[in-house]
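Shown below is the structure under consideration.
In this document, chain identifiers A, B, C and D correspond to the written order of the chains, with residue numbering beginning at 1 in each.
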Amino acid sequence: MSSSYGENLKLTIFGQSHSPAIGMTLEGIPAGNSIDMEALQKFMTRRAPGGASWSTPRKEADLPEFLGGLVGDTTCGAPIAAIIRNTNTRSADYDELKRVPRPGHADLTAEIKYFGFQDANGGGHFSGRLTAPMCIAGGICRQLLAKEGISVMARVLSVGDVSDNGELTEPLDDKLFPVVNEEQGLKMKELIDRVRSESDSVGGVVECVVTGLPAGIGDPMFDGMENRIAGIMFGIPAVKGLEFGAGFAYAQMRGSESNDPFRIRDGRIVTETNNAGGILGGITNGMPLIFRAAFKPTPSIAREQNSVDMKSKKDESLIVKGRHDPCIVVRAVPVVEAAASIACYDAVLGRRKETNYEK
Amino acid sequence: MSSSYGENLKLTIFGQSHSPAIGMTLEGIPAGNSIDMEALQKFMTRRAPGGASWSTPRKEADLPEFLGGLVGDTTCGAPIAAIIRNTNTRSADYDELKRVPRPGHADLTAEIKYFGFQDANGGGHFSGRLTAPMCIAGGICRQLLAKEGISVMARVLSVGDVSDNGELTEPLDDKLFPVVNEEQGLKMKELIDRVRSESDSVGGVVECVVTGLPAGIGDPMFDGMENRIAGIMFGIPAVKGLEFGAGFAYAQMRGSESNDPFRIRDGRIVTETNNAGGILGGITNGMPLIFRAAFKPTPSIAREQNSVDMKSKKDESLIVKGRHDPCIVVRAVPVVEAAASIACYDAVLGRRKETNYEK
Amino acid sequence: MSSSYGENLKLTIFGQSHSPAIGMTLEGIPAGNSIDMEALQKFMTRRAPGGASWSTPRKEADLPEFLGGLVGDTTCGAPIAAIIRNTNTRSADYDELKRVPRPGHADLTAEIKYFGFQDANGGGHFSGRLTAPMCIAGGICRQLLAKEGISVMARVLSVGDVSDNGELTEPLDDKLFPVVNEEQGLKMKELIDRVRSESDSVGGVVECVVTGLPAGIGDPMFDGMENRIAGIMFGIPAVKGLEFGAGFAYAQMRGSESNDPFRIRDGRIVTETNNAGGILGGITNGMPLIFRAAFKPTPSIAREQNSVDMKSKKDESLIVKGRHDPCIVVRAVPVVEAAASIACYDAVLGRRKETNYEK
Amino acid sequence: MSSSYGENLKLTIFGQSHSPAIGMTLEGIPAGNSIDMEALQKFMTRRAPGGASWSTPRKEADLPEFLGGLVGDTTCGAPIAAIIRNTNTRSADYDELKRVPRPGHADLTAEIKYFGFQDANGGGHFSGRLTAPMCIAGGICRQLLAKEGISVMARVLSVGDVSDNGELTEPLDDKLFPVVNEEQGLKMKELIDRVRSESDSVGGVVECVVTGLPAGIGDPMFDGMENRIAGIMFGIPAVKGLEFGAGFAYAQMRGSESNDPFRIRDGRIVTETNNAGGILGGITNGMPLIFRAAFKPTPSIAREQNSVDMKSKKDESLIVKGRHDPCIVVRAVPVVEAAASIACYDAVLGRRKETNYEK
């Protein structure tokens, strides 16, 4: 179903932007795992809306309240359930959206799909705010993966035409602006500031790397690592493209350059290059799993835009009010890590069923 | 599960490249739909392996045998089941692959995942041959969508650095080399010939357009049209990237240019541009649904490549024998259409559950 | 997954008996359905723990708080989410249960399954308290079915060796002790009082009847109405048997008496008898759907019982403390109605996908 | 979906009674398990239609052809696929059934559900013949369970009013009429002969016992062993009741007699009685898992019965032609074993995911 994800885990996300609360249930986490609540909170904070710049994240970061699934901070086998209260549940600003939809948003499609009964306030169930419960689940999975030596890390790879460079080899949790090359990060920030001053927004790319995954994780065909990751990644609002390893660059390559030759290094089988992004036939090969997600520019911009009156079927125009991130990509970094962690931990659990071959 | 896809439909694919047969079951097709078997066979033929050039497709195209689900040619409500016999089931050539894996193939990951018990012959369950049963299911769904005025069409968008141009507005079923601009197609063919003569292979991009989809199809979050399409598209071997509408180009855009303004045209709500690829919030908006899939070059190339001996853990080299398509992208076009048709028809069926609002 | 149910709906239940809250999410309810909150609350009250007799139900009945899925009292298409706070979350009484398990309870199996990390307090995730969120979901589905002319009703069919008689033809929502024959109900109450005075408990049977279901609901094989209902009914703690129509009595019948002959009455096809309980081949035939669920006696009895020390592996004895219902069957009646409503509404929604045959 | 079962395994059954073939796919069996094909065939033979008495089973027992999932006789990780050709695919006899439905059969409900497009021949997808592919899957799972010391065994517990007695402690694979007390079996056979001579049929009960299951298998709530077994057992045509352990007898018991006291025996925790049928809270407790399924009498009887003309909506009568088992219960014994084996092996696989607690 639409708000649930997973095969060996089952994540269910609920709530709307302005409903009393948003939340999630996460079933399938084995009992006896203690959650580091402080680390989880820190992880959540990376996603939380910040102030005018990235140096001063808002103090009042979303605080999950756990309703079930734990004894103290340790999983007990029952589904983990947590909610975050919505403090801002005014709906006045949004009545207009049921008449004149914002371009690039789901206002129109929600109106049609739900026959006008949708919760339009703050984007309802389509709001980026719903990535907060995903971060609760993902933050937990990321901790559990880390215990098995698996690191899930992401970065801002590009904002508009400014790209990071250098290789992502370790988590950037401590960076407010998660890039490898800080100089490039500075340029990205300048671009974002400029775009904001122009009442505009800008898109970008997030790159994610998962190291430490043993070979043999994932399944053929529709449960390959690509399918699993895509299944959750396109659940993040604004993601419109996804590529693994060389991805779209593969399309311009020759097999003689794109094939990753195998070699033995320190007794282990590795590949000399990693165009495959660590995945062959849907299954991990032991190399770092690498993917990139393209984010469209935040559709909320403070400019007059063409739209229509859905009731009277007449052309209209609108200006979206309120303050909005001019570039969602920075705050999306932990969300991508969360989603990747959920997908990977689900696949890791699935692998455990496959071990009773005859010796 | 790994070999099954769908929520309102359930497609299950089985068989290996060299097992007695490959096949599929497809559950959920409403009773009373007649299948045009001739059209289905013609569709299957587009995927079937051709000769040395694209002008003379092999006569002996895969012929599905239907085992259940039909009375005559009409669906009866029971799962549709069909198989295709594998005539070539020699296994001699492939024994070596269990020792020395082919770079870019799933030989290594299958060996690890299945503890050496995998069926390595012809790529086993990972073979591109498994796209044939997907085409049976997809061909059926494509026919059913057509009855509702929905057209699913794809083309070769690029091979290596040669791109098609022009807009894809109607199915190219009758073209052996499905491009809009035949001149560009000629250049692609030349490139493929050159690559083959160099014992190499080349990647490419397939673009798919679905027209006639009503607004309101698809679901929020994890069952959006993007998630659904990605879930099946990454089940096609060699697909390593996927983008919807503007896709990765979104990352370099401003919101003021990427937002698709709404307008009223002939009493209907349309968008002036279609960067969203017909999808907002995971749900169709009535505009053409557009996506592109990046295919990596065929990993089988007739050149010596570096590999390893998986048993002795020593460096090795190998030359892949046999004849292989130097560019899989052309034959992938109907497979992409098949996959998209399955995903779209599943979503169309799901939409029917949502209609009992109070009037 | 274990705490989720449904194919066209998706119910997820979370929380433990003594965790901060219990709750549920329910996805798939079409948008635009208004919920009668007063009726829902009344329905919940029927399940809520009463006082010493059935005449004075506790005032402080569980009050669900809706967190998402509604705009006002109307469904908006997003998952419905609701919680009930646990006011009694003391855990002191239950520490002992992790050492000496209560016979008939899940204490032992939870200890083994969760490696000792289970939440043992109040029965944790296995507590009958988890039927409260099932009643939220079921109460909603029951209202929606009623709008389509489908009535879901249940009664106490027997307590120990005392049986109700007469046919169940209309809902008994207004009866504190839901039986058709009040005289038999009186005898049941007397039996329950006697059993309580003996510090014992007693089992019973709940019968459920669903009228107004059109023919054609349900699916063959693993999605038959029996499978669907069984799949949720055995999720109610203490249910150990289930039969449809004549059920186990069928085993002693001849075909010539058990087959339900078809007849035309008022232009409609009916059956003269209803041994099939309204289901043929898993699919409704338009007659009332009838099933019975056997409940075991409440395992919590205030008598000394044989048990073991799970740590030291020695024989032990224990006396279960606290007050417990001597007969769960009365409060189970709305729970059975809730479960049946969820199963039926799910099947009703599924039926909608099957209507595009060629005319 | 309707023809698929399983969470960690995925069984899909296809075909109709008179379609070219029936078959199954079974996904999730770990690679490297060799199948004893002779034993599987012997298992299948127990279900195959026999002659006039039970002493001479038909020689031409259904022979599955494996199409995928095996290398030699060893599982390779890909879905196992097998078919059985239908040799009798005449349809003439059954045309009448689309007009005048057989009482007790699915003819009427299939007509309504599939708008008259169903495959009515031989019962179509509703035929008992579809239990043959279930036996392929179940026979494989039963072998794999046996390797882990888990025995799945069933018997005829009763036919009409004649009951077997004695405890079922070992498989009865070698008995043509699987009862513990042969004398009672003789009486059952006499009853069946008498019923047949009266052109009638008779119902019965099959009991199934699973020994060797470790404690901790199964999950709470909707994935309990009862739910899992019910989910597949009601997929066997003619099953209308199911009970675990004391089952319906529980309803007449006191807690003081129904609770199974725990004891230490040989260092293991056991229960003195086994009213729970080896299941507490949905999870195995290490005692034998016991359940009973009630089968209705074969609805096909060679007597005139009341029915209706579905087109003209008029009363009619019909005599079902052809030869039919007067008591399906004997041949149902291996089918129940098959279904139980699938459910148990699925649960056993699921248990493997739960072992990474912190030591």
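Observations on the structure shown:
As a convention for this text, a residue touches a chain if its C-beta (ideal position, glycine included) is under 8 Å from a C-beta of that chain, and two chains touch if they have at least 3 such contacts.
In this text the structure is predicted, and so the values were computed from the model without any measurement.
Considering the contact criterion stated above, the chains in touch with chain A and with chain B alike are C, D.
The chain with its Cα centre farthest from the Cα centre of chain C is B.
Of the two interfaces, B-D and A-D, the higher number of touching C-beta pairs belongs to B-D. Remark: chain B and chain D have CA centroids separated by 38 Å (rounded to whole angstrom).
In terms of their C-alpha centroids, the spacing between chain A and chain D amounts to 45 Å.
For chain D, residues that reach two or more other chains under the stated contact definition are 1-4, 13, 28, 31-32, 77-78, 110, 113-115, 117, 125, 220, 354, 357. By the touch criterion given at the top, residues 8, 28, 30-34, 77-78, 144, 148, 220, 349-350, 352-358 of chain B touch chain C in their complex.
Of all residues in chain B, those touching chain A in their complex are 1-5, 7, 13, 101, 103-106, 108-110, 112-115, 117, 125-126, 130, 158, 160-161, 195, 198, 200-205, 215-216, 219-224, 226-227, 230-232, 234-235, 237, 239-248, 250-256, 258-264, 267, 269, 271-272, 275-277, 280-285, 294-301, 303, 305-308, 310, 313-315, 354, 357. Residues 1-4, 6, 10, 12-16, 19-23, 25, 27-28, 31-32, 65-71, 74-81, 83, 110, 113-119, 124-125 of chain C touch chain A in their complex.
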